[in-house]
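Heads up: the structure comes next, in structure tokens.
As written, the chain order gives the labels A, B, C and D, with residue 1 at the start of each chain.
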Amino acid sequence: MNNILELRSDSFRTLMAYFRCAIMEIETKFNVLNEEFSLQHDRNPIADIKSRLKSVESIEDKLTRKNLPVTCEAIEKNLNDVAGIRVICTFIDDVYMLADALLSQDDITLIQKKDYIENPKPNGYRSLHLIVEVPIFLAEEKRFMRVEIQLRTIAMDFWASLEHQLNYKKNITNAEMIQNELKHCAEVNAELDRRMSEIKRNIAGMQ
Amino acid sequence: MNNILELRSDSFRTLMAYFRCAIMEIETKFNVLNEEFSLQHDRNPIADIKSRLKSVESIEDKLTRKNLPVTCEAIEKNLNDVAGIRVICTFIDDVYMLADALLSQDDITLIQKKDYIENPKPNGYRSLHLIVEVPIFLAEEKRFMRVEIQLRTIAMDFWASLEHQLNYKKNITNAEMIQNELKHCAEVNAELDRRMSEIKRNIAGMQ
Amino acid sequence: MNNILELRSDSFRTLMAYFRCAIMEIETKFNVLNEEFSLQHDRNPIADIKSRLKSVESIEDKLTRKNLPVTCEAIEKNLNDVAGIRVICTFIDDVYMLADALLSQDDITLIQKKDYIENPKPNGYRSLHLIVEVPIFLAEEKRFMRVEIQLRTIAMDFWASLEHQLNYKKNITNAEMIQNELKHCAEVNAELDRRMSEIKRNIAGMQ
Amino acid sequence: MNNILELRSDSFRTLMAYFRCAIMEIETKFNVLNEEFSLQHDRNPIADIKSRLKSVESIEDKLTRKNLPVTCEAIEKNLNDVAGIRVICTFIDDVYMLADALLSQDDITLIQKKDYIENPKPNGYRSLHLIVEVPIFLAEEKRFMRVEIQLRTIAMDFWASLEHQLNYKKNITNAEMIQNELKHCAEVNAELDRRMSEIKRNIAGMQ
């Protein structure tokens, strides 16, 4: 009970502010890479960047499900997705190019990498997930914060947003049929992503 | 010659400012519709809005190609796409819903409508194009300005941006092969748009 | 009690969305005027535009204080400041020029005008307050919504934000001294606004 | 002549992109400090951040005036203000607090500091100017770029923008009188800044 109260405390508000700062730092890193790449290739690899901070309710739920105390310490130690950034790329190649460039930076530490593009989830979900640690520069100290980064193409993102809507519905009359149909769309999507990338490479190859 | 000079004049700068204002008015109209729709359906029909003002060079080129004098009067009378807005929708249904809602407003006059979704261009291009007249409220007067609106899905937009890159390449070694491949992708894209819309309708039908 | 529940209802959420739309419409009107004016005078009359929607708590408080039922109907009929816009101008002249240009538009109805620049509040507060009605264009209807507009100079805004901080403090040891000091600053501020406007007019008068 | 051509080259465009990235990095640093400070003091020390990249014309002019070759190398070695950021603070104390916090960060190198608040320019101009070096993280390397930072209060900024307008006027009929009047306003402004800071400290001192 007094655990839950901790999520209304000053130290919780401070921690959330730090996560917001971590999001800003990672966003800037991607904006810099986008700027550099645009210059070299005359097109933007990044179509959009979205970020979100996990809500107090979701944090509470997740800690409780994991049988962890609802404290700031438990959050920092155990939750990797309080700060989340989604980078929507134009092509599959851009996803890997951006991930590699970010991970090669000397102030970034990779904590975890899951490649759901190589190995899609059973429902058809594709994306590249990274968990990294990034320094934020506060007035008096440099602090390392964790951020979850999801990199995906426009097509993957569109698919994921539709799949997400399905998950929020309760009455599941013909859910299985819809799931099958969604999975089929995921496969057509993946095929399309590959063909569009191929076309892009052919176009880039021209003088 | 003194025609071209006119595009550096104060009256040209004023005209461009009016077109910028017309873009703001139309953007606000779509933002209002997005707000209203989000409320009713718990999702945003508009994924993104982009706008652009035709460059001085493009205006000059177009007038010259049409054998028209390079004057402000000629621009207002003959060019419908100086102010351009692109509305990227999540689903095909959203495209038509938004277009209908805009066109039913009593201060909007439809000048032209071309439905390249029903009837794609030979290369595979799909989008709904509208040319409308919208009032802008200046300090001393109300003025009617033309704006070109392109409504399309995320999938159509991605396809169009790749096709656009191809058009800017000069050396066309295997251009025909790429064009065929692009056209094929356009068809798969259209099929995917239809299936995703169908899934969305099935999900929305659930309680 | 079920009154208060109404502020969690769908119709309340809809009403708030309409107020958000009214804010967008008024903001666009000021952006258009700023664009037009910038062109004529080579400087922006508007330094900043801020907007806010009254919080559920403040709405509840205000209705209760006024002995009104906590219902959507009561909100629309009685509260004029649910949608609020603050327009920060560079000079005093800009405040009046913008207000006049807005009020002369044929789709804007003036409900109330309070000129706290001519007649500052006893504490020294200066601003021009307007309450207007503006149409918003929904999918099926045109609806008229009220918006409170505060126009002020940069100097007035800075003063007001400091005064606002004072009001939120409870322990008022030397409050009277601070209030006197603030009032004195308000007067120096007003004098400075007048002199800076005078300088601006002298500069503008040059060729 | 071919010097001037260099400012249309790819390497010039790349250099400008790097300066844009440096601006992003510094802006993020100030946004992080603003976030942290807001948390501690319940108010934002930063009212606004503006940034600009020096135009090609101004770069050319400045190099020529300094008798330097118009090359990318000369730009990087000699011009400290290609990338410029202006941080508008609410109070004078915030100016120094933010400058100190930035300069204490281990990836920032101070190149030059000029305190025109302590020692205003003869015309009355006040601001704190810093030139710093900041690393930008590119795909393949970490690069150090120079940025000019101007920190000032809202009142200083307003004054400076008016003074700037005067400098762009050619016909200087009563220029001296205006300059005297401006200088007088600068002094009243400075006095006002001190008094408002004092009030803020008194308010903050309350419980």
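To be clear about the criterion, contacts are C-beta pairs under 8 Å (C-beta built on N, C-alpha and C of every residue); 3 or more make two chains touch, one makes a residue touch a chain.
These figures come from a predicted structure and were not determined experimentally.
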item: Most distant chain from chain A, judged by the mean position of its C-alpha atoms; value: C
item: Angle of rotation relating chain A to chain C [CA atoms, steps of 5 degrees]; value: 180
item: Chain B and chain D: spacing of chain centres that average the CA atoms, whole Å; value: 39
item: Euclidean distance of C-alpha centroids - chain C vs chain D, Å; value: 30
item: Chain centre separation in whole Å, for chain D relative to chain A (CA means); value: 34
item: Residue numbers of chain A (touch at least two other chains); value: none
item: Sites on chain A touched by chain D in the complex; value: 13-14, 17, 20-21, 24-25, 27-29, 31-33, 35-39, 97, 101, 104-107, 136-140, 142
item: Residue ranges of chain C touching chain D (in the complex, touch as defined); value: 43, 48, 90, 154-155, 158-159, 161-162, 165-166, 169-174, 177-178, 181-182, 184-185, 188-189, 191-192, 195-196, 198-200, 202-203, 206-207
